[in-house]
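Take a look at these structures.
Below, subunit A partners subunit B and then partners subunit C, in two separate complexes.
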Partner chain A sequence: MLKSTFNLGGIHPPENKKYSEGKKIEDISLPEQISINLNQHIGKKAKAVVEKKQEISVGDILGEADGFISALVHSPVSGTVKKIEQKMTAAGMVESTLTIDVNIEKTTEDSKKYETKKEVDIDQTSKEDLLKMIQNAGIVGQGGATFPMHVKLSPPPDKKVDTLILNGAECEPYLTADHQLMLENADAILLGVRIIQKISNVTQIFIGIEENKPDAIKLFEERISAAGMENCKVSPLKTKYPQGGEKQLINAITGREVPSGKLPFDVGVLVQNVGTIFAVYEAVFYEKPFIDRITTITGFVKKPGNFRIRMGTPFAHAIEDGAGGFIDEERVRSVVNGGPMMGKSIRQLDVSVMKGTSGIVALSDHEFVYSEEGPCIRCGRCIDICPMGLMPVTLADDTIIKNGAELLDSLDCIECGSCSYVCPTSRKLVHWIKIGKSVYRTWKQKEESYKTDQ
Partner chain B sequence: MNDIMNGWEEIVITAISLSGIAFLAGIALYYAAKVFAVEEDPMVEEINDILPGANCGACGVPGCMSFAEKVVKTKDMSLYCPVGGQELSDDIADLMGLEAIEQDKMVARVMCQGGHSSTRTGEYRGIKTCGAVSTIHQYDLTCPYGCFGYGDCVTSCDFDAIHIVNGVALVDEEKCTACDACVVECPVNIIEMQPYDKTVFIACKSIDAGGAVKKYCDVGCTGCKKCVKACEHEAIHFDSFLATILPDKCTNCNDCVDKCDTDTIVITKDGIAQIKDKLVENAEVNV
Partner chain C sequence: MRELILTSAPHVRSGSQLKNIMYDVALALLPATVWSVYKFGMPALNVTLIAIASGLAFEAIALYMQRKKDIVAITFDGSAIVTALLLALNLPSNSPAWLVITGSFVAIIITKHTFGGLGYNIFNPALVARVFLLISFPVQMTKWVAPNGFGADAQTAATPLDLIKTEGAAGIEKITSQYTNLDFFLGNTPGSMGEVSGALLLLGALYLMIRKVITWEIPITIMATLFAFTGIFYLVNDAEYASPVLHILSGGAILGAFFMATDMVTSPMTRKGMIIFGVSIGIITGLIRLFGGYPEGISFAIIIMNALVPIIDKYTKVKKFGT
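Right after this comes the complex of A and B.
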């Protein structure tokens, strides 16, 4: 069978999934202190509704959604709020952060309420109720962009969505969390798909899985035929980075192309990560808010694996307790929040797991080779491999010499990191383009403030 | 022979007709220049000649020519060119036949002297500009308020008045023209405009509590309030663990400087901020 893939560019970085592949999902013990920041999603940050020294228990709301594109933040533990302060998050930005002293016994006790499955008949429950459940659970997209789920599920009325694509590609090297989740919870994910199908009335469903996960492809084909879901199909995809990018996935499976500056629902497609779907399943059947997620801890650690990890757990605790610590602390060069291609290196280990943390990757001096930025030799490799069909070298140069509106083009970049990866002189192309984007956005904001002033 | 004559005729006809057109066009242009002439005050040109020509925009209008036009149009002597300073204001007032208004000379001051005496949490290996750092991590030092020291202000300065010395920006106040370029450029907003003749300032912006500041910086303001008590002129304002000197009330008595245990209070001498002695001794201008 011909495997589908996107039509432009793409790279083949070493996968290195062998470290954590096939490792059962384990729980990480509770840390003594967690810190939760209130901006874990795209859009407006949540508003704190708890005070210092307040007693809280698992599932209590810590931050309320402030506006439509915003999400609730729940407490993953029981304990006491110790302080509310400005602190650097794993994403590198300074946000107001709640530090909570964990009452370990009470947390274990309180968490039991999420273990009994409720009887829910999806066909009998109304669309609005299901959407409300998802909104109340504070679910955001787990692929990395952290877009609030309830917003994604309620597109503007003039946009008709007919296709749901389940993103199980997991093209980032090292990460295996989604793969393991698919293997262990195939039926749950299919139930989650039915919930989404009910809400958004899609007529066809595709499950995109890269061909380096043959066991997952086989399992899903079996489970789908067992569940008798006729409009649901597994589409095996070529192993190529960035196959799991939203726009690439749509192009690979449906052949449609998302226009510049538009969103997937403009071409009638809804893309959801398998982790997100699993969270939806838990929210509906267990009434469980989005307080933990499946994350891969891998790389230069003693016991790499896939872990169910509570939000707010400090990276240091997760690495120490779950993965058995670094192999040799002296040789660790970088710890990445997310995958190695798109993730960000963190600065200190006391930052905590956020809703978007799909992996914690420790890179040793062997894997992390740094070289100074050299001059462009005009080889054009970045142009060949750009999955968006852009010219990264030109966009990067634009950032240096241009200003304001002239940088509009850089907004098309999906920051997948392929160009920086292939550049023979190690130019930091994605970083330059990111700067260009921020310059453009600052200009745009200023421009709009002038307009409102007048 | 006939052919040659014909050639001459053609040349003569062409020459006459073209001169005719030129003459007519000349008359048309003469009248056009009369009818559509734009009245221009010769004063604008004169003032533009004595302006520095830096086109830096520090005066608040786009360039030197616009400044000259605005001065002539509004006859407002409070318009001030920071590059030319008081001298230039006097000259413009002479030309315009008006009275000059006294203005304080302002200079940019970097409210941080952390640099190499402050700790860093990680090793940043990306593009070496402050703007690039701030797109990835909101701050570079452990101190969230400190100067990164990658020198975006140095590149923004048209007057060679700011340099990175020991990991922190340092202003040469003799050269500084208060054009605001570095203030706009700085992503952590660590540079402020202050009057030149007030030679004492507190070089810290950290609003963290004393204990936290001590952990990450040798020269940060810990909020001990000793300077507030020492000041007889009530010129030191204290808010959220940070003291700031109010230039309006300061008398340059330097009473507070000796009282500061962390050497956070800085005196400027000969136009250079005398930051912590040991730093200045082996100061290296690495621009």
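Right after this comes the complex of A and C.
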């Protein structure tokens, strides 16, 4: 089997997927209260369209998209809006958040409408209608960047997209949600692929899966030939982090390099996460908005596994009800929203699941070791492993000593965290580079506002 | 439940630590050190122990003067021990204690800590100390002892490179009649403590390469360049110039190329830069050995190139993805 991989750098962190690997997807029970924030995607945050004390039911729109690069937010439950307040989210930002008292019986009743499959003939449905369905479902990329799906599917007319890559690499340690989803819903995902194919007119489709998931590779090869999809192929990938990074994946599978500062459609490629595709399938065939997702709850918990979880469910409830709680509360040091390499650690367990929550990982004092930043000893390891061919140590130092205009290079960083991972003196390299990015963007904004003033 | 710790990603780390790197280097130097004690006897052990003790003491004093926390932890992070071991290997085995302590002072206090401590020094501490001692105390620093084995009487002798420098063609003849290439490799020639155990130094270097502490670029390019450079002159006139094999096996070439030039802090960060660095050191070493005033030139070559590292780093950026 020919395995592809990206050209530059890469690391091999311990996978630690064994905790939740192969665990059937289970539902997590409804909590008594959920909180939904209105900024769960990249772009402009949604505008609240409900009021305090308003009765709502499953699938109602809570937030309207504000502009083109924005996404709808639907209610995952039936109940009453209790308050609208500024609250810390699982992504570490303070956003306007709706707290909803859940009517559990009514929610169960109302959710039944999403259980019957509609008769949809993809070939007979127009592109525009399909795109509209996706937009109306409020789907955003589930891989982590949470880019609104309908925007990604509408590239500028001068960009020709010929290749669709389905991202099933799941290179983050610990996480197994995508893997399990692929195993349980292969046919549904392939139907989703056909929807995307219809919308974007791609001529070739690759499904990128890391070789540590041989069962998924085999299953997809079987289902593809059963479905007779001739232009669709499984691409087994080497297990290496960050294989699932968009630019790395394109490089591994097609050999194309997305130019610095450009996007995948500049090289004619569209990349979609398998979870996102599954949401597209549900939106088209069940008219179901994006109100729940598959998430791995793992690490230092009693019953790690893969769960179907409604947006807004508090982490505390998810960990307690789904994963049976922590093994030893006193030894938990860090809880991460997402994977341990790129996820965000949270301060308190009252934050809730968002559209981008691919995992909830609890780390014990054994796995999570905090150490102070030491001096750089110029070993160059960060340079050797950077998958973008950058010099992380230089970028980090630039952030500290240079001003905005000189930080352009930091925009190439994909924030995979490999540099901080390998650093022998625990320097927070990627952290500094992220700060450098925002310093540059702020400078750029100011610069442009001066220009328009004159 | 305890309060959760809020940190920026990534939340897991490789566990690779400064301490492991430094103690790996110390471990790699151990066989050569033990061998030189075996060859030179008690005085060599004294030099090694005095170097380590004074090195650690100066490190602790420097950290105390900078009001650092965790003085004990930083003192024993391994970097001071590595510097001390390298310094010892660069000295004659019968060096008096004051010479070793002066060397430690120059290495740790002046070369390392006045520039900001670990990671900020521009020059390799042990090498600056060696060169300082060589220039300031030429008599003590060139009194080499023949390696006659543990317990034997100390006999001073000239190193092969000394002979070549002072006696020219006659010296080369003396050397080739007295020693075989294997003698150079196994360390049966007079020299500093580290100059006489090429085979064991290479063993240590191999360990460091397997542990990925050092990469091949710097040492191999130094050796290859030095070999090629001296080889050209040897081919032109083999009476006047010593053979390239003798050049790479004698003197501090192995110690310098594999352990001193590869010091992370004072060498370039990119692979391309490392090759430029290595080639330049090889050429400068050859120039000094063949045409300079000193018999051995690798210390000077490395120090000169240490000074140029910032420029090398500036012009050897790696190729960015997508450009």
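Rule of thumb we're sticking to: the second predicted complex is superposed on the first by the 454 of 454 C-alpha atoms of A that agree within 3 Å, B and C clash if a C-alpha of one lies under 4 Å from a C-alpha of the other, contacts with A are read in each partner's own complex, and residues count from 1 in each chain.
We adopt the following convention: a contact is a pair of C-beta atoms (placed from the backbone, for glycine too) under 8 Å apart; a residue touches a chain by one contact, two chains touch by 3 or more.
The structure displayed is predicted, hence computed values, not measured ones.
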Query raised in the report: Who does A:K428 touch here: subunit B (first), subunit C (second), both, or neither?
Result: both
Report task. Mind working out whether A:Y370 is in touch with subunit B, subunit C, both or neither, as first, second, both or neither? Result -> both
Report task. Considering only the touch criterion stated at the top, classify A:M93 as touching first (subunit B), second (subunit C), both, or neither. Result -> first
Query raised in the report: Should A:Y450 be classified as contacting the first partner (subunit B), the second (subunit C), both, or neither?
Result: neither
Query raised in the report: Touching A:S420 in the superposition: subunit B (first), subunit C (second), both, neither?
Result: second
Query raised in the report: Looking at subunit A, does subunit C or subunit B touch more of its residues?
Result: C
Query raised in the report: Counting only touches as set out at the top, which of subunit B and subunit C does A:R378 meet: first, second, both, neither?
Result: second
Query raised in the report: Of the partners subunit B and subunit C, which touch A:M341 in the superposed model: first, second, both, neither?
Result: second
Requested in this report: Once the two structures are superposed, pull the subunit A residues common to the subunit B and subunit C interfaces.
Outcome: 344-348, 370, 428, 431, 434
Report summary line: The subunit C residues in contact with subunit A across the complex are 1-2, 4-18, 20-21, 116-120, 264-271, 317-323
Query raised in the report: For subunit A, which residues count as touching subunit C in their complex?
Result: 7-8, 11, 13-14, 173, 247, 251, 257-262, 326, 329-330, 332-336, 340-349, 361, 363, 367-371, 374-381, 383-384, 386-391, 393, 409, 412, 415, 417, 420-426, 428, 430-431, 434
Report summary line: The residues of subunit A that touch subunit B in their complex are 86, 88, 92-94, 344-348, 370, 373, 428, 431-432, 434-435, 438-439
**Report entry** Residue ranges of subunit B in contact with subunit A within the complex
**Finding:** 121-122, 125-127, 131-132, 135-139, 144
